[in-house]
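One chain, chain A, links the two complexes that follow: it is found with chain B in the first and with chain C in the second.
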Partner chain A sequence: MLMTIAPDNLKNLLDKLARDRLLVAPSMEDGVTRLKPVHSAAEIAFDYSNTATSIKDFLFPQSEDLLRFVTDGTLSIEEIKPERAQVAFGLRPCDLASVALMDKVLLGGEFSDAHYQTRRNNTLLIGLACENPADTCFCTTYGYNPGWAGAADVMLYKDGDKYLAEALTDKGRELVGGPGEGLFKPADEAAGEAVKKAYAEKDVPFGKEVDVQGIDKILDGFFYDQYWDDISKKCIGCGTCTYVCPTCHCFLLTDEARGGQGLRFRCWDSCMFANYTKMASGANPRPTKKERVRQRFMHKLNYYPNRYGGSYLCTGCGRCVAMCPVGLHIAGVIKDVKGVKAHA
Partner chain B sequence: MAKPKVGIFGLTSCAGDQLVVVNLEDELLDVVGAIDLRSFIMAASNPVEDEFDVALVEGSVVTAEDEERLREIRAKSKLLVAIGTCAVWGGIPGALNDLGRNTLYRIVYGTDEDLFKASVARPLKAVVPVDFALPGCPIEKHQFLEALASLLHGDLPIAHNTPVCLDCRFNENLCLLKAKGQLCLGPVTAGGCRARCPSHGLPCEGCHGPVEEANFASEVAILQEKGFSRERVARAIRNFAHQADLARTS
Partner chain C sequence: MPESPLIPLVGTIDKITSETAASDIKTFQVSFDDPAVMDNFNYQSGQCAMLSMFGVGESMISITSTPTRKGVIEFCIKKTGRVTDAIHEAVAGQKLGIRGPYGNHFPLEMMKGKNLLFIGGGFALAPLRSLINNVLDNRKEYGRIDIVYGARSPGDLCFKYELFENWTKYENTGVHVTVDRGDDKWTGPVGFVPPYLESLNPSAKDSVAITCGPPIMIKMVLQSLSKLGFADDQVVTTLEMKMQCGVGKCGRCNVGGKYVCVDGPVFTLTQLKQLPPEF
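Moving on to the complex of A and B:
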């Protein structure tokens, strides 16, 4: 069912939510809009193309304590659970799509990641459709669009002086019927559907330049191509692409102990660094930047779709496009590889 | 098991790395309790210098006395760890190596006399084998403790070969190179500093020296596009690491 909510009521709702859970929302500081914890709606930036940081920070944080252990003759272990309830507001369609991709890795299949699962359960995702896609955005090449709701519990679409709202999950409906009671009004269904359609069809100019179609199959035979040698020379090895990516999910487990008491935590890791695949013996199966650069793009565009049924491990959010210091990013690689193939 | 015999030494340097050890505060008693600290003249008189399991050496090799002292320490030590960018790369004392010591004598002391029997400033590895390098100007306390803990467990420490960019990303900083076009050496500089300078809006000056596999060619190219000359970038890199291999850059 479609509803509407006035901006003041939306702010009231967010203020109400901030009282009993962590509210995460776009907030501007020094000219950069980041997704970060805020105390009230007054700190939220409503006018932004996308946030410099993604929802990944709050579902799969940079550093996360997993368990404490004591080794005084016997071993005792205490699991640390991320129990705090969170609500994330203002997520763009690319990030909502990224959550669905992360779910496949961390929740699908035989094993699920308990910490990620707990955070997913404890987090309410409120999406906000894109009014002005940035010139680095290319979500449409993957079949997403500026109105894509993905993993959202509630999706909002700015519609003139109000927001069109749709609750998509039980969690979302609980929000509308619980804390949101009296703040939402029923919307005219036909008019609402027209608004959604307009967002879905909104122009994403850079998306038109990047055509990912069929690249997974092309890359099947591209592993040994000279291309990887060529582009890896430019890579400056900063790892930025993996850290700003909403779908990169590699991590490093570390135990730290002092005086018989210890902590196990995990931290984001990056396939762009030499230590990532370095073994205790000193051997490294990805000895140079070439193997690492190739791994990153093959994983996104070939291994993941082969393993998880078609989708690419990229949502076209454009963060790596905006932030790679040397302009070596996935949109360019897609264009290059398709171009090389077309001229071969 | 006997506690490992440790010595902490300084060659030509500001003693800042040794000061980090003295300033460990919360951990200092644990550290001195876990080791047999035989020689550390910044903290204790009457050094005993027969043999060491581990020697931690700060500073670059500039004078004949430095070189002699380093060889002596190496001969008495099972493991030798270079601490600080001077010991690892030559550091600030090597920033003007190109001018030669005679020119520097004239500028600084107004004489042509070889006052200190000085050569160009060299890192320890140019004189003796070094088992592990811990850069920093000064070294980072947390990296020092991690390295020491590994040594106490009988392991060589893990070298964290990640650039300052990683520290910046963890702090979610605006990229000073990409977004502001500043001469930031973050991508080619060993991290672990938690991006102390970029987090305050100041570009990285490379004080930890080059990260392993530093892509100087790409760094120089990107900075040239932003209007910095190759000479300007090379000078910035060589400020802390005169030995950095810039040969492939153009």
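Moving on to the complex of A and C:
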């Protein structure tokens, strides 16, 4: 069912939610709009193209404690669980799409990642459709669009002086009927559908330039291409692409201990780092930037779709396009590889 | 039981056996402290487990004991880095964390009724030992068994009791040991494993070859096996990669589209040839 909510009522709702859970929302600091914890709606930026950081920071945080241990002669282990409820507001369609891709890795297969699952369960996702896609945005390349609701519990679409709202999950419906009671009004279904359609069909200029069709198959035979030698030369191995990426999920487990007790935590790692695959023996199967750069793009455009059935491990959020210091990003690689292939 | 597959269970190192003259390779027999967990720990030959030394870290280690001898879990570990250094410093009775078992296993079904040729080098006999004892415990189900093994020197040979006293007692089973360099007491063959293997001239007919060893040995052994007439699907080996999670999430142990932790570590040469040479 479609509803509407006035901007003041939306702010009231967010203020109310911030009282009993962590509210995460776009907020500007030093000229950069990030997704970050805020205390109230007053700190929220409502006018932004996309946030510099993604929902990944809150579902799969950069550093996360897994267990506590005591080793004073004996050994005891206590699992740490991420109990805190959180609500994330203002998520763009690219981030809402990324959650489904992360779910496949972290929740799929024989083993399910319990910490991620708990955070998914504890987090309410409120999406906000894109009015003005940035010139780095290319979500449409992958079949997403500026109105894509993906994993959203509630999706919002700015419509003139109000927001069109749709609750998409039980969690979303509980929000509308619970804390949101009296703040939402029923919307005219036909008019609402027209608004949604307009967002879905909104122009994403950069997306038109990047055609990913068939690249997974092309890359089947591209592993040995000279291309990887050429493009990897300019990579400086900073790892920015992997950190800002909403779908890069590689992590490291590390212990910190003092005086017979300590913590085991996981933190993001990056396939761009030289030590990433270096073994204790000194052997390193990906010893140079060439292998590491190739790994990242092969993973996103070939290994992942082959393993998980179809989707690429990229949603066209454009963060790496905007932030790679040397302009080496996935949109460029897609264009290049298809170009090389076309001229071969 | 912990909810997360990344949380280890508490175990104890029950027994430590030094394998080599330099004591740089030791076999650790461990058990879970919870008897119910110990009872339910079902693994297969070729699988691995993640061992934790808390405050230091974790390492993925192949299980060297055989599931046919229930109640015994052993890991043969070379002192190589921070975690294995810490394990080597441990004494019997010390606690550690264990999670697993992980990965696929040696294809026993495909080996039934076949002649088996094991080729190992150095402490990479560890994963083979699980399978060797497994098939010897079911000796009648297999044809001839030959074990070809080499190390740098007599002092570097692992599992000497089994090599020279136990395995040789089984019928229709040959144990062939070579060293790169002998010493005053060594009267056996001297030389690298691949030429030694070729000199033994094992038949490829109705046979499966299973090989583990240092990368350079594997590379040469694969060439020797090809010369001896072994087809790619008659050759089985294991891969090792840097691992963190062991459950297909952390992203680093992939070779092409395969994760060694869940899709491996055991691969036939046919499967290996479909992967990029990034291991």
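The criterion applied here is as follows: the second predicted complex is superposed on the first by the 344 of 344 C-alpha atoms of A that agree within 3 Å, B and C clash if a C-alpha of one lies under 4 Å from a C-alpha of the other, contacts with A are read in each partner's own complex, and residues count from 1 in each chain.
Just so we're on the same page, contacts are C-beta pairs under 8 Å (C-beta built on N, C-alpha and C of every residue); 3 or more make two chains touch, one makes a residue touch a chain.
In this text, all values refer to a predicted model and were calculated from it rather than measured experimentally.
In the superposition on chain A, contact is made by A:31 with chain B only, not with chain C. Residue contacts after overlaying the shared chain place A:213 against neither chain B nor chain C.
Of the two partner chains placed by superposition, only chain B is touched by A:233; chain C is not. Touch criterion not met for A:121: it reaches neither chain B nor chain C.
Using the contact criterion defined above for the overlaid structures, shared-chain residue A:303 touches chain C, although it does not reach chain B. More chain A residues lie in contact with C than with the other chain of the pair chain B and chain C.
Residue contacts after overlaying the shared chain place A:132 against neither chain B nor chain C.
Against chain A, the residues of chain B that register as touching in their complex are 30, 158-163, 165-166, 169-170, 172, 174-175, 177-178, 186-188, 211-215, 217-219, 221-222.
Residues of chain A touching chain C in their complex: 66-67, 69, 71, 74-77, 79, 81, 105-106, 109-115, 118, 223, 249-257, 262, 264, 266, 269, 271, 276-281, 283, 285-286, 291, 295, 298-299, 302-303, 306-307. Put simply, chain A touches chain B in their complex at residues 30-32, 34, 52-53, 62-63, 233-240, 243-244, 258, 270, 273-275, 289, 323-326. Listing the residues of chain C that touch chain A in their complex gives 2-10, 54-59, 80-84, 95-97, 215, 240-242, 244-245, 247-257, 262, 276, 278-279.
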